[in-house]
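Note that chain A is present in both complexes that follow, paired respectively with chain B and with chain C.
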Partner chain A sequence: MDFLFYMGDVFTPINFGLLLLGTVGGLILGATPGLSPTMAVALLIPFTFKLEPQQGLILLGAAYTSTVAGGAVSAILLKIPGAPANIATTLDGHAMATKGEGAKALQLSFLASAVGGLFGVFLLIFLTPVLARWALAFGPSHLFWLAILGVTVIGTLDSSSVVKGLLSGCIGLWLATIGFDDIMGAQRFIFHPAVSGGINVIPALIGLFAIPQVITMLTKGRTGSNAEIITVKRHPIRLAFLEVIRRKTALIIGTITGSIIGLIPGVGGQIAGLVAYDQSKKFSKESEKFGTGHSEGVIAAESANNAMVGPSLVPLLTLSIPGSPTAAVLLGGLLIHGIFPGPDLFMNYPQVAWTFIDSMLIGQILMCVFGLFIAGLAARVARVPHAVMAAIVLGLAVFGSYSVQNSMGDVYVMASLGLGMYFLERFGFSAAPLVLGLILGPIAEANFIQGSMIANATVGTGTYFFTGWLNWALIGIVLVSVSYSIWMEIAQRRYTTKEEAVAKEEAVS
Partner chain B sequence: MTDLPRTQHIIASGGIAAVGVIVAYISFTQEPADAFIFPRLISSVFAVLAIWTFGKAVMGRTKVGNGISGEAMRNMLPGLIVMIIYVFWAAKALGFYTATTITFFIMLSLYDPAPHGAFASWAKRIAITAGFLLVMYGLFALLLNVFTPREVFF
Partner chain C sequence: MKKWIAGAALAVAAMTGSVHAEGHGDYPERPIMMMVSYGAGGATDFQARIVTMTAGNEDALGMPVAIVNRPGAGGRVGWNWFATEADNDGYTLGAYNIPHFIAQSIEGGVSYSTDDFEPIANWGADPAVFVVGADSEFNSMADVIDYAKANPGGLTFSGAGLFVGHHIAALQLEKAAEVELAYIPNNAGGAGAMRAVIAGEVLGGVNNLSDAFRAQAAGNVKILGVFDLERNDFLPEVPTMMEQGYDIDNASVNFRGIMVPKGTPQEVIDHLAAVVPTMFENGRVQSRMEAGGSPMHVMTRDEVLDMWAARQETLEELLADL
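Moving on to the complex of A and B:
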């Protein structure tokens, strides 16, 4: 029960103030279409430099949690999901709002988010120490395969094309090798002085997530947000509580689905929300009402996308393998404070680890309370013209990446990667595997070299890397995820014409 | 899929394939060899996948990725040019705050849907720009003590 011991640290004035700031700011940012949780967290990292490690993590964790929930506001009131995780919420949430039940939909969404989120964080609390103890048995070969697993699973499951997903991961792994080699001190791929020290992760993350969004906003030209905010009528919160209890099947399905999906690296909130919505519809006695403004749809989707937040951090905190792009950004936030997560995190930095986890627990409750109050304000912020949002994000990206090391080189790297990523995305490549490659590259290389040295002195490279049940299990998961994705891609292709695929992508983008 | 995205796919995947091949070539030819063991592993997979993608694009079998439409290109181009000038030249040459103010105002003027003929919309743009500059200065110069390049102006 270590988490109870450190609970008090969340309530120190600075920590609690940051938690409030992150929660309220995250709710507003989350409601803004185009500002994804990952991008919001990446842009916040420079603001944590002056803070203590746990304070920085509290701010980032609160922003992560509440941006996911805040996305429901614009999904319900504007029919524009604030983040991909809120796509399923739009289906019934907006229909409820048009029927005059906007306030009820918002209340249900925040209550379900809080329940799902709390369950997810409890899972994080109880699973993490167990996995961390187990992970102590991992050697260099296992950590090498884990890093490869992180890149391939995200590359195959997060992308619409397996080959392009894996290629994105390879580009990320290659980018991670730029700079000086750690062992020999040799220069590798230094084609410009800006990358002589290697590619710093924080400017790279800011560029990869923020700049494509800026350019996407620019492609819309001189258009404002035409979405009409639906005015909400008052609805007693007590009735919303009763409704959530009455719809407990949807809540349970959403919470469990989200938690399980959160544990799988690479499968994000969007999948969690849609799968939970689908399952809830299958098990519902009123399945015909789904899509017409049915409360179960909102409850299932929102409980799922917040339930995945806690479990998505389990691989990061125990194995230093970020399970999602946002977890990768949080890893960047840890690294700048000199903290490397892994099995010994809870022994070396228990205060940082437990205060962060506890703050996520309290953050879920704050998010629910404040979400209900600032939903109207958040919806108005969501209507800020694209031009203003693009200019603000660009300014923050430039200042934020410069402030990492006071280096113009970082700004050039940020902009170059961002510009490149926009064009790559237009051709079916995904940022998530590239980011994971960039972050896991050094881990994979260090353990590959270390493992090779051990292997050369003992059993040989083949035996060291390809035998043992843990190596087999990890290699097996890599092969299964790649094979499954290829099979799914072929199966989908069989039933989808090229024109349908293009039309589907246009609709998503 | 129209011919334009197909050509775009060929150009884009061709560029990536070229990068993949160059990276693989450098990895296998540079010394000391020990420093390039991991890059060799990565670049081999990188080059194979990139050539595969290029081959699919040439044969017109690419299904994922819609390319960039002419309208999107026309819309983004002015902003993109302003952004590139800001990042790669103005920020250092004019000072961060001056360059940011000018860029912010130009971006608003180019993309804000409010009418260009109305005085009120210009006053609003100037007010938003000034407000943004104040927030950025407060956050980065006063709160975070970030020492930005101060050249021509401040």
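Moving on to the complex of A and C:
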């Protein structure tokens, strides 16, 4: 119960002030497209130079927690995920917003984030030694199968047809090959210096989601004379609480999936939300409602991406190995203060370590309170006229893409992918599977190559990739996932007429 | 209105003109930017931030240095930009990593080589070390090489990628011990390579001394040898490769320092070359670096020029066999 002992330290005036600053600042940074949690934490590191180690970590931890949750704001209101972690939130969250339930969606997302986040941090507090061994269990072959599992999600994700989902997933996989390859350093498809570093996920994400929105807003702005502004109904917080409790299946699936995926080094929170969304869709009694503004979609996605925060720090704090890009940045922040994370971190620097973890716990609650307050303000954001909104979003998109690597090339990438996506959307393709392909491609490829190099030097490819209980378990889940999708497709076909399919497709585009 | 614009244009012209006329006596008169070709939070980035944190002091440059990250493709994106697009007016500095950029320029496909950059000073030297898991049966390099001789090509060991210091160290070891090894480049850099060793996915690994030192302190790995000419202050008990009978020099040591693009005025280079090493010697910088477990090694411009030339030669020879 060490964490209770150090709880008081969180509430000293300076520490609590920094916690508030980190939380509010994080929510704002998170809501800005392009400022991912990794970026936000990296931006804050120079500020921690002047602070005590403990205070610096409080600021960084609070910012990490709340940027992940803050990304939901733009995902829901604008259909632009603030970071890869929030992609799944756009699917149902934005659909809810267009139905006028923006405030409700935001309330649900922050409540679910808090539940998932608290669970994740408690896992970090109580199960760290056990989890550390788990984090090491995933070698190249397992990560490869995990990426394949992610690919099986592509087909069923937010698309009127499986074929179109798979096609846009393939476009994403192709985009992922551009640049110097991760392992061999070979050059692939570098037709312009802007893409020599590969397609960065953040500018791609902004372009694919934001630009089609901007174009659509501009085309509608004139004709409708601002008639199509999203209205936001007031939604009492009490009802949001009840809704979250009622949708406990989605909440539980989201939290558990997020915790497990957060633990696996190298995969990180980018796909936690999407996998949780897919799983809860498959388990839900109302799976046909997913994608049309169903509250379970938001709850599953947001509880998952915040549940991943706590476990993603396990490998860092116990083994000194950063499991995610954000954890790598946090490691830099620790080292600057001369603190080496490792198994004896809690022995050597108990005050720093436990205050850090406690502040993440309190940070989750603060984040939820401020988030619910923001949800009340959502109405004002949505009342902005289309033309103005389009200009603001376009400005943010350019700023966000540029700021990732201070590179104009990323802005070009963002603009051209966005323009292409606008036309693809007209034909019923959607952005989410494309981004998923872009994220999973490098994971699958690098781990396959690494795995086969190890395999060739030792036991042989077949044995390496197809034996061991973890490989079998992952292959099993892949097979179940694929056959379930096929079965669903066949079952649905029997009842879906051509007119319905066309209508659904038009609704999407 | 037109008059006003013309006036403004004249004023601007006069201002820029006067700067040129005065030469570079007042350099620097505005904040300086430093490009780091790796992501924020990485070892190069955080060391760069520490060594430049006193730049604003009166006895140093008198102007702050702002770090700008341009990561991608193992540093290639940043260095390509630095060689082709960066301003050579002295207000754009860059961080270099040796042997990375030299090895990449020999490999090809990039638009830079040592001729495109002018070194200013070196701040750090992080040697590569050979690590094995804490419960490994290997206790010396001899054990490792014996295993490799019994299983040609079967000794798997990880490193941060191809054409980086770790890869150079691996090639040197293969050559010096006359064995065939299975070097597994990791896509997640040094941290990923270290994870593979701790998790037992590979039998050993080449890694940064600073990271290995932490991992050993945490009880996760054993360090069997240092790829450097002398033992390191952080690890006085670990022998060098040379001491263990393998003819390996310091070609794989990861040197980090500051450079400017070719074409930067000579006065600016001279000014920086004189001031920057004293900035690195600052007590606050030294203590921060030591606290972070980062070995420092301050070298002047002339020493770095010699080091670059020597590396170029060694690496060309080593990589020619690939």
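As a convention for this text, the second predicted complex is superposed on the first by the 271 of 509 C-alpha atoms of A that agree within 3 Å, B and C clash if a C-alpha of one lies under 4 Å from a C-alpha of the other, contacts with A are read in each partner's own complex, and residues count from 1 in each chain.
Rule of thumb we're sticking to: a contact is a pair of C-beta atoms (placed from the backbone, for glycine too) under 8 Å apart; a residue touches a chain by one contact, two chains touch by 3 or more.
This is a predicted model, so every value here is computed, not measured.
After overlaying the two complexes on the shared chain, residue contacts for A:A415 are found with chain B alone; chain C is out of touch. Of the two partner chains, chain C is the only one that A:I336 touches; chain B does not reach it. In the overlay built on the shared chain, the residue A:G179 is in contact with chain C alone; chain B does not reach it. Shared-chain residue A:S320: touches chain C; no touch with chain B.
When both complexes are overlaid on chain A, the residue A:G30 reaches neither chain B nor chain C. In the superposed model, A:V388 lies in contact with chain B only, and not with chain C. In the superposed model, A:P81 lies in contact with neither chain B nor chain C.
Within the superposed three-chain model, A:N406 lies in touch with chain B and with chain C [touch as defined at top].
Touch criterion met: A:A137 reaches chain C, while chain B stays clear of it.
Residue overlap on chain A between its contacts with chain B in one complex and with chain C in the other: 46, 49, 183-184, 406. By the touch criterion stated above, chain A contacts chain C in their complex at residues 38-39, 41-43, 45-46, 49, 136-137, 139-140, 179-180, 182-185, 187, 193, 196-198, 200, 265-266, 315, 319-322, 325, 328-333, 335-338, 340, 342-344, 405-407, 442, 446-447, 450, 453-454, 456-458.
Against chain A, in their complex, chain B makes its touches with residues 1, 5, 8-9, 12-13, 16, 20, 23, 26, 30-32, 34-39, 41-43, 45-46, 49-50, 52-53, 56, 62-68, 71-72, 74-76, 79-80, 83-84, 86-88, 91-92, 96, 100, 103-104, 107-108, 110-114, 128, 132, 136, 139-140, 143-149. On chain A, the positions that touch chain B within their shared complex are 46-47, 49-50, 159-161, 163-164, 166-167, 170-171, 173-174, 177, 181, 183-184, 186, 188-189, 214-215, 218-224, 385-388, 390-392, 394-396, 398-399, 402-403, 406, 408, 411-412, 415, 419, 423-429, 441, 444-445, 448-449, 452, 493, 498-499, 501-502, 505-506, 509. Remark: chain C residues 39-43, 45-46, 49-50, 53, 68-74, 76-77, 80-81, 104, 107, 109, 153-156, 161-163, 182, 184-188, 191-192, 194-196, 198-202, 214-215, 217-220, 288, 291-293 touch chain A in the complex.
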